[in-house]
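See below for the structure under consideration.
Labels run A, B, C and D following the written order; every chain starts at residue 1.
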Amino acid sequence: MTLQRTKSQKVLRFLGNNTVPILFLVICAFGIPLSGYSTNYLVSEVVVRIARNSFLIVSLLIPILAGMGLNFGMTLGAMAGQIGLIFISDWGIVGIPGMLLAMIISTPISIALGLWCGKILNMAKGREMVTSYIIGFFMNGIYQLVVLYGMGSIIPIRSSALVLPRGYGIRNTVNLIGIRKSLDNVLTIKLFGVPIPLVTFAVIALLCIFVLWFKKTKLGQDMRSVGQDMEVARAAGIKVEHTRIVSIVISTVFAGYGMILYLQNIGTLNTYNSHMQIGMFSVAALLVGGATVSKANIRNVFLGVILFHLMFIVSPMAGKNLIGQAQLGEYFRVFVSYGVITISLVLYEVRKKRDRGDAGQLLAAEQGEAE
Amino acid sequence: MNTQNMISSVKSTLKSFGLPRIIIGLFLLLLFILAPFVGVNIGTSLSDTLNRFGMNAVMVLAMVPMIHSGCGLNFGLPLGIIAGLLGGTLSMQFNFTGPSSFMMAILFATPFAVILGWGYGQLLNKVKGGEMMIATYVGFSSVAFMCIMWLLLPYSNPTMVWGYSGSGLRTTISTEGYYLHVLNDFFSIRLTEHLTIPTGMFLFFAVLALIIWAFLHTKTGTAMTAVGSNPVFARASGINVDKIRTLSVVMSTWLGAIGILVYQQSFGFIQLYMGPFYMALPAVSAILIGGASVNKATITNVIVGTFLFQGILTMTPSVMNSMIHTDMSEVIRIVVSNGMILYALTRRTEATR
Amino acid sequence: MKMKFDRQFWVRCAAIVVVLLFGMLMFFIGKQHTILLDNKTITVNGQEIRALQLVEVQVNKLESLELAARDRDKVDVTRQSHKITITYTDSNWNEISFTRKFKVPLMEEMVIISIPTLVSDPEADQSLWLEKYELPAYAIQASPEEEVVITDDLAGLISL
Amino acid sequence: MHGYFLYEGVECLVETVALCNVRVTTKIERIEYMNEKEAPLLEMRHISKDFFGNQVLSDVNFTLKRGEILGLVGENGAGKSTLMKILFGMDEIHQTGGYGGDILLNGEKVAFATSIEALAAGIGMVHQEFSLLPDFSATENILLNREPLKYTVFSELFGERLNILDREKMTEISEKAIKRLAVPLDPEMLVSQMPVGHKQFTEIARELSKEGTGLVEGIKLLVLDEPTAVLSEQEADSLLKAMRLLAETGIAIIFISHRLQEIIDVCDTIMVMRDGKIMKTGPSKGVAIPDIAKWMVGREVNTSAIVHRVFDYENKDIILALRNLWVDMPGEVVRNVNLDVYKGEIIGIGGMAGQGKLGIPNGAMGLFPAGGHVTFEGKDIPLNSPRNFLDAGMAFVSEDRRGVGLLLDETLEWNVSFTAMQIQEKYLKQYLGGFFKWRDQKAIEEETNGYVKQLEIRCTSTKQKAKELSGGNQQKICLAKAFAVAPKLLFVSEPTRGIDIGAKSLVLKALRKYNEEQGTTIVMISSELEELRAICDRIAIVSDGKVLGILPATTDSAEFGLLMVGQKSEMIDGGSV
């Protein structure tokens, strides 16, 4: 038996379920003309952003599958990736071999961090998100300890271009000229004057296929069941804790690779803050794509990247043309990124309550009949 | 037998005190012991510690009401801070000077704190269970939103706005000539040339702490604790849970507002824009270090915690610097504070329910 | 967690080994070397070898460089073994061109090839005409000023 | 002490088996049966169990043959579920010091350490509450964590779990399992969209599907714990049909239910438990509901101290009137209750679990969404607001002590004084003309100490945390809390649930005493009829969310038994006294 709803209720429900994407469509609809950018420019920019960010965002999908919410702990993976990059740029390994080597280096670090993160999150069931968020901060401290004090003193770094003049610690920015765009430039075609890095897209496509395939595996199935109800899963003999940890490990490792992809496109590494925002922006983008804390798919990823980064590109210019201050636009997009996360988290919680409410209404309706 | 009892009792007391707290306490003690040997003046560092204690204590106190009513750790502190910033800037805008400016700042801040807190409380009532994460992001987005506002709001006091454009507030504004040190210098006692006690600041904190302590002993205060301890029980006793929660949030927000004003009057600057962004984390970890949990906190926790935390923040740079000539204080701050929060989050808090 | 020496265990070991080997391979083929091509008059064990008036040098398939006397130029290459093609006209105006394979030591960031030495005896061992090159001290101390490290992760927020 | 008629039971069994052979089996199977005659499928000998001195099972004996359906009936707390837990070797049995007696499966002695082992031996259980995943299809749920897999190369490196699910095979298996039940259950349907009956079938199909998947060689015994409780009539019928089908394939079934008609319809043998003993074991043939009811109820509680009193309803006015009350309390839905409570009486509300008796006070209090009319002393009390309920001068001692009744992390003083403080401003010093209401620690302490003495609450001090007390003492604290508000009418819900005998009688005495001294009207809800009969003046029996009838407590327990199972015998005229 299902509850009968009126048309208006249905519409409201639809709006309620897609608030964030709709919101963003509106923002972009206003922002694009205001910014006065040419379509061509915007498209090419967006293409670049897709190539740059989507891998990172896809790495968020698997913990959501396992019901652990948005993995703000992906920053851990980002750190691992950066460490890999620091090493290869110290050794002077360039091009695609350089990237691959960086990935190989990052993998064990990611796995270790992922395991640790997963264990912690198992200790904080029901509070995964805020915990993973704090884990991000905590690890940032450790990361600084290693990179700012360890590297050059304990961990050998020879290149003077990397090490601070004081003799240890990595500089604020590391120039990744060696691997800059090395993947993007392997094979690029121009569509209507829009350069498209085919290989990068191929890699991303591969990852998407992996995720789809993964959902079909036993492990994927286990994660789905754990995500729905840990107790039932445990009763059925599924190793709940282990499954959750695995999901985090996978996510962390992919985040590491994603970070390497991201940085090879950007070309310079901000040693001490690249990783910190990446988590936040990826999460925001995913949510903009219409994902929730409990449900997300590939479609959300790409829709998210497009909408979110459109907003990102246009807002400074729009701000400039609107009030005459580009800075305003920059603040605006920061506000929006955080605002989006806030809104979707709130909506998620409210929706959870509303669905419970539905159950109540249903029973009340029964009583109505009974009376 | 007796010794066993002894040991067990000692164990239990240690347990109740909490391992991380002990470690941090000992660490701080060690720093104080080391200080003279590495040529750090105890007096200076002690008065620094006391000063920082006074600066931050109120913001830590702002955690208490929300923890009591079961809203969890107030990661949304920046909201309160924004109210404080508005109050401070307004009182400067209207050219109040000296102590009166501080009074006015509090006066101006209050309505904002109440309104913001009320809305924030309503929101948190809608998202019971997910408070902390949402609080965090409410804080962040409000700060980001205010960044826009600071640019747009029609402030005109030349000491506050950008010189060249003549509009939009500066990133840091000096409280010089307004409420700089109004509390610090109030009856401040100078023991040695290094060691001064900011009496006024302590008194101010003491008053607020007393008010909270008293409140928790009133009818409503009792209700608040009960709501935090077991909302269903409270409801079954005819308490309007949502109302109590909202009240607690308003209180926390207001205390946050006052807290930042106290901070500024001692620090000497108003930090706008991204300034308040991460201010919640030190406060949160301070109260946790003091022995609070996600759903229990006392005034003692506030005092102990703030002292330990600020003590470490002041001591580590000076001592470390003079020992190994590298300033790792920043890293230590990050690790200690967030480590503490992690520790608290991973405790089984709803065990008895 | 107990070790089981079953098939999967060995498969995993193998996988790890493969990955490590692959990593090393990447190191070899990805390592970047800078080769300085130098056309200066130098004296090798007593006898002076004069620089060539004009010489055309090509490393691998990279575009060829023209070096006049006392010129120096550089090429960036990855991998270790390369070949260098040198084309010049000798004293009695007939053009000579020869190609020579050589191997750069793995860990060398930078090596210098003295063209005259190579030309004088194309068959000579590469140690005669190829040697590692240390940057002069002043080049390393490029930035003596202490740079402040910004660990504040908000810095990146605004300018992204 | 109660005698139990084992010999009788055994006789009947033999008879029954003969019966069911004739009824259900083909020649070949019959031969099997002959062979197995000596060794029954399941035999339980002298099973006994106590939870910390509290005897819940004593000397339980029964046997079960292949293809036999055993109906297990008994009041709540009669020991049914404990018996099953022992059979399955559940953890809580081991943690509470194991059990006495032997379990024999196919003649040889078994003692399962975990339910997994029990499963491996071919015993399946379907619990009362579903353990299904809403967003999974029936198939996915049936084969949860037992999915057949297709090999992929990755599994070599990352282990089993990276093999792909073999969807075709899964559907095949689940369809096979469902076919055995012969019910219209779509294997691809999501559980969240299923009617409750289908969920139940999915659960059973899961148990069936376990055979032939390596894990189990074959399901021999199914335990169904109140499977029909949540089902509609026709759903229940199709389930019963399915059970017969299974039995005919030689699977033995233990069927626990409160719906006696079903038991009689479907079971070969009926086993009635009471107070952890088997009261009666016999063939279902020819048994009438009243008999079963008689066997079920009629428990003795040691309430010897409490003597029946005669409460005259002459010129007593109605203090509380419930009219068309409906309450949406999950598991205890109240549909349409009409009830009058007279001033100064103690009225009991009884009935089977899940029939809605608990819903009544919770709804009246406003803890769960409710509708209808509650009139107290002539005034209509707005529903869904505990405050109004309390202000009117009523109080409620909840059955959910830990969840609703207590502040586990706070002191006894707080627990006792809190409600009174909040509702009636007791224990408060008022300053500044009532603007500032200060907690009066001294008054609170005195009050609490008073109750500690009065109710003989065992505690180190009134500063002790509520969670540190035993169940009985926690219950007393709950009473104290209610007494503190000096209510005109007191709802007491399951006051003796989960507390030992001694505490029980103490609590009951306290209630009776309070009623007599303060003249407080008491509405006591309990699933233990005898306890109600002990202290109440009248007892209302609730079934299917309605009051079936109200009888004076002195009525013979058999009558109540009938009412409980929804049977009205002619001599009962509902409502009036």
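Please note the rule applied: contacts are C-beta pairs under 8 Å (C-beta built on N, C-alpha and C of every residue); 3 or more make two chains touch, one makes a residue touch a chain.
These numbers were taken from a predicted model, which means no experiment stands behind them.
The chain pair with the larger count of C-beta pairs in contact, out of C-D and B-D, is B-D. Geometrically, the chain at the heart of the complex, using CA-atom means, is A. For the pair chain C and chain D, the distance between mean C-alpha positions equals 82 Å. Taking each chain's centre as the average of its CA atoms, chain A and chain D sit 48 Å apart. For the pair chain B and chain C, the distance between C-alpha centroids works out to 58 Å. Touching of two or more other chains is recorded for residues 330 of chain B.
Among the residues of chain A, those touching two or more other chains are numbered 140, 144, 148, 327, 331, 334. Contacts from chain A toward chain B in the complex involve residues 120, 123-124, 126-127, 129-131, 133-135, 137-138, 140-142, 144-145, 148-149, 323, 325, 327-328, 331-332, 334-335, 337-339, 341-342, 345-346, 348-350, 353. On the chain A side of its complex with chain C, the touching residues are 88, 91-98, 100-101, 104-105, 107, 140, 144, 148, 160, 164-166, 169, 171-172, 178, 270, 272-274, 276-277, 281, 312, 327, 330-331, 334.
By the touch criterion stated above, chain C contacts chain D in their complex at residues 7-8, 11-12, 15. Of all residues in chain D, those touching chain B in their complex are 365, 367, 386-387, 389-391, 396, 398, 402-410, 414, 418-419, 421-423, 425, 428, 436-439, 467. On the side of chain D, the complex with chain A involves touching residues 116, 131-136, 140, 144-145, 147, 149, 152, 160-165, 195, 324, 326, 328, 330, 333, 335-336, 369, 371, 545.
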